[in-house]
C-alpha cells in the first residue's frame, strides 16, 4: 500500500507492474456480480502464468483465469455461476485433468482467512466444518506446503477451547490468514487516492482489499475526493490501503455492477456453451488476446446489449431484462 | 390439479418453513421454496442470503446468491462475514433454517458437493462447499433437496462436504459442532425425515403415484418406510401463488 | 432476540422487562458520544442494582450508572470523557473505595470480545498487550470466575501460534467472547421492527448489539420500514437482532448524536464538578429519581441550551458552540 | 518569540511526524500535535482515530476521540474494529505513528495509565488503557507526552499498561509483540529518545533555559545526557499556524 497521493494509472500498467508470474492473487466479487473482469481479461492478455489464486465464490472471474491457463494453484470455496453453470466449466475441467492444484475451504473460512490477513493475525476461529472432509482431506501435500514460504504449513488446525466450554464450545477450527500479493476489486466509485464506495453487497471485497500487500481498484466512476468525503459513512475502503486506481466503465462486464448494469445473460450462456468445447474455447481465448482493451469487448458486444442490461435507476438492476 | 415435479418439491419444502424462521437459501429451487413459504404459508419468515442481504424485497427472482436482485430493498446489505456470523450467532442462529442441495447424501444426511471419485484425482468435480458446509454446521435445522437416484443416495460419500448427523447420535456434539442438523430431504419422489433417536433417515412421505418401494429402489441404502404417508399435492392456491408471485417468468420452474 | 413483528415499546417498560438486578449489561456509544443516556437515567430511576457492566470507552453513561450504585462488576477499557474528565470521577471513586470489582482490558480487546459474542465463537485473537499487566494482573479472582457460570474461567489466554510463525507471529492473545444479557444502544434512525441506521462512527455498537441476548434500541427518529429499506447499504443492524424499539428524541443527551445534536459542554462540566462532591452528587441523583422521564430533563435544561447544541445540517455538529 | 510550554511540546512532537506517516492520536495535546504536523511540516500525513475515522477534515478541534467533529468529511467512518485492525495490519501498521500519554513511564518507555498503588486496592485509579496498549503493541513507532516529574519517571511502574521495550533489547520479540516501540518522549522540559542498542531512554534535547541536570532531578531513574542538545524553539511560522489553524479558540493551548 501507498499512504497518500495520486494513484490513478492505466489497467495495462497496473497489471504489468503488480501481477507477476507466480504471484498470489485474489479478486473481488461473487459468482456473477462485480468480478473485476476488465482486469481479468488484461491478465489473460498479458499471459501471466502460475498464479496462486484465492477465491471464495468468485465465479466468472476465477473460471476465465483458470480457462486461460493462468492459474496453477487455487484455494477456493465455490466454483459456480448460479443458473449459468452450477459448476464452472473450465474450473471443473482443470481439476479433473489435474492441471491445477486445489485446496477446498468453505465460504466462511475463506472470508475469515481474508479477514485474518486484514487484521494482522495468523488465524481466526469458527465452528464450521468440524467432522467433515474439509478438515480431513488436504489438497496441498504437507511437503508442498513446506516448500512454499508464502503459504501456511497447515490447511487448518482444530483446537480444544482453552476457555473450557465457554460459549458451549468444546472444539474450534482455526483457519490461517491470507495476505495476497495483489487483490483486485471493481467498485462503483473511487477517487484518485483510492477511497472506495461500494453500492449494494460488499461480499468479501473489503477484507480482500485490506489483506493485500498491493491493492488495485478498478471503478465505474472516478470522482473528486470531496464527493466521497461528503458521505464518509458509505466509503468502505479508505485510501491508505490502495496502490492503483483505474477508471474503467463496465469494468465488471459481463458480471453485474449494482446500480450501473446487470449481468449479461447472453454472454454468460454463450460462455458456458463454448467452455464445454476445447476448440471453441481456444478461439474464445484468441479473441481476448486480440483485443487491446476492455473497450473493444464492449464495442464488440454492442450498444444494444449494453442498453438492455442497464440498471433501472430505482432498482439497481435491469428489471425488464430477458434472463431465460 | 396439474403440477410439475419441481412445483411439488418447492411446495413440499415450503411447507416445512414456519413464521419466525429465518430462511437461508441458495440458488434455484431452494430460493423458490423460500419465496413460496413467504408468499404462502409463512409470511413472517425472513429470507436471507449468505452474500449478506436480509429480507430483500425480491420483486424479481434472483438467479444466483450474487444476483443484484437480492440487494434491492433489503433490510441491510452487508457481506459474507455478517451473514455467516448471523448463522453462528447463538441467538439468531437458533432461528435459522437452511435449504441445501448436493450431489450425494448418506443415511445421516451428510452431503457431498465436492467430488466424485478420489479427492486428489476426481472423476467429477463439483462446485465445492460454498456456504453449504457453514450452513450445515451452524443452523438449527436444514432442508435438503435431492434427486432420487441410487448414485446420489450413497452408503458412503466420496467426500463429506457438509455435516448432517455425521455417524449417528451424539456425533455432532463429539465433533464439536453446534446442535442442529438436517430435518427433511425433499426429492422428486417423496420426503424423508430423520429419526430423533437413531438420527437415521426414514421415509416420511411419497408423492401421489409413487410407492415407497420405488423410492427404495432409487437409493443405495435401506431406510424405514413404515411411517410413510402419501403427501398432499399442491393446492390450487399454493400453485397459483408459486407461479404468479414467485416465478412468473418461469426462470426456474 | 425476536425475529419479526412490531417491537415498539416504552422506555420504562423495556428497562423493567429486560434490565433486571444482577443482569449483564452493555451500553453503546463512546466517551461523550451516542451513549444511551435516556436509558441510563431510566435504569437509575428504577434503582436497578448489581449490574455486571461491559464497557469499552463508554464514558458518560458508564460513569452515571456507577455513580448511582447500579454497578457491582465492571469490565472496561477506558473510563474517561476526554477534556471533561480525563478519568471519569465516579468511576475513579468507586474503584478507589473498592465499591466495584474491575477487570481491565484494552479497547481493541473489548471490541473483539463483543465481536466474538456476535460471531458465536468463544474467543478471538490479537497481538495486543503481550508482556503487559493486562495479561499478568486479573481483576476477578479465579474463585470468583469459577463461581459465576456466566463469565469465562479465564481473563485471557496466551497461545503459541499453531501455524508456526505464519504472519511472523509466535504468540497470540485470545480474549473470551461476551454475550451480554442486554445491550442498549442509541441510534439516529430505526423502524418498528428494529432495523437501525447509525450516522457517523459506529464505535462498537454493531458488535455489542449483535452479541446480546436482548437488544434495546432507542432512536432519534422512528421511521417507516420502507424508508430504511430504500438505502439498505446504510443500515448496520438488521431487525432480526432487535427486541425493543423506543422512540426518544435527545435520547443521547447530554452526549452527542451526530447529525442531530452536539454534546452539551455546560452539562458535562457541571457534572464533572458535582461528581467530585458527595453531597452534591446525592442531590444530583435525587433529581434523576424525581424526574418521570427524559422529557423532564430536557425541559429542565431548556430550549435555549438545546438550540445551542443543535447540529449544523452540513457538519453534523454545532460548529458555533462555545466549548470552553 | 513568546510561546507557552504547551506550544513548545506540541511543536516538538509535530516535528517528529513525517509525510507518509499515518498518525494515530488521542485527545488533548496529542491531537494538537497531529494537527500541527499536518498544518506545518507534514501536509501529506494522515490523521486517524481509534474510533474509526480516517483523514477527517478537522475544521474544529475535537475534545475527545468520540467527538462528532472527527466524523465530518473523513475518508471513511468505521468503528473500533476497523481502526485497530488497521494498526495491526502489517501493511498499514508499518506506516502508523502513535501519540500517547501516561501517568508513569520507565526507562524502556513502558507506560502506566491504570493505577497508582496496588491494582486490587489502588491509591489512585486512572482511565485505563483505552486504545493505548493496542497502539503501543501494534504500531511501528510512538511518541509519548509526559510531564517531567519524579513520580512520573519511575524505576518501576505500578502497572504496565502499554508496552515500550519491556525489559530491554529483544524483549518485545520474546513476548510476541510486533516490532516497533517508542521513539520519543516529549516533556515540559525536553525530549528523550531511545538508544538503538540498549533500548534505554536517553536525553536528546532540552528546552532553552532548561539544563540536563534539571531534567535528571525530575526523574527517578538516571539517563544518558551526553547526546543532548538545546532544542530550537517554535518559529514564528510554526506558532502562528498552531494558534490560528489548529486551536483558534484556545480549547487546549
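Per-chain residue numbering starts at 1, and chain names A, B, C and D are given in the order in which the chains are listed.
Heads up, the rule we're going with is that contacts are C-beta pairs under 8 Å (C-beta built on N, C-alpha and C of every residue); 3 or more make two chains touch, one makes a residue touch a chain.
A quick note: this is a predicted structure, and the numbers were derived from the prediction, not measured.
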Those chains which touch chain C and also touch chain A: B, D
To get from chain A to chain D along touching chains, fewest steps? 1
So which one's got more C-beta contacts, C-D or B-C? C-D
Give, as an integer number of Å, the spacing between the C-alpha centres of chain B and chain A. 27
What whole-number Å value describes the gap between the mean CA coordinates of chain B and chain C? 40
Just how far, in Å, is the C-alpha centre of chain D from the one of chain B? 56
Do you know which chain B residues sit against two or more other chains? 53, 71, 77, 88, 90, 138, 178
Give the residues of chain A touching no fewer than two other chains, as numbers and ranges. 119-121, 126-127, 167, 169, 172, 179, 200, 233
Assign the assembly's chain-to-chain touch graph to one of these shapes: line, ring, star, complete, other. other
Would you please name all pairs of chains that touch? A-B, A-C, A-D, B-C, C-D
Over in the complex, which chain D residues touch chain C? Could you list them? 27-28, 50-53, 59-60, 62-72, 77-81, 84, 88, 90, 110, 114, 119-134, 137-138, 159-163, 166, 171-172, 175-178, 249-252
Complex contacts: residues of chain A adjacent to chain C: 117, 119-127, 152-154, 157, 159, 161-164, 166-167, 169, 172, 174, 176-177, 179, 199-200, 233-234
Chain C contacts chain D in the complex at 29-34, 56-57, 59, 76-84, 86-88, 91-92, 95-96, 98, 104-109, 111-112, 115, 126-134, 136-137, 139, 158, 167-172, 200-207, 256, 258, 262-263, 311, 315-317, 319, 323-324
Which part of chain C faces chain B closely enough to touch in the complex? 1, 3-5, 118-121, 179, 193, 195, 210, 212-213, 226, 228-230, 232-233, 235-241
Per the touch rule, the chain D residues reaching chain A in their complex are 19-22, 44-46, 53-55, 57, 71, 73-77, 85-86, 88-93, 95, 138, 178
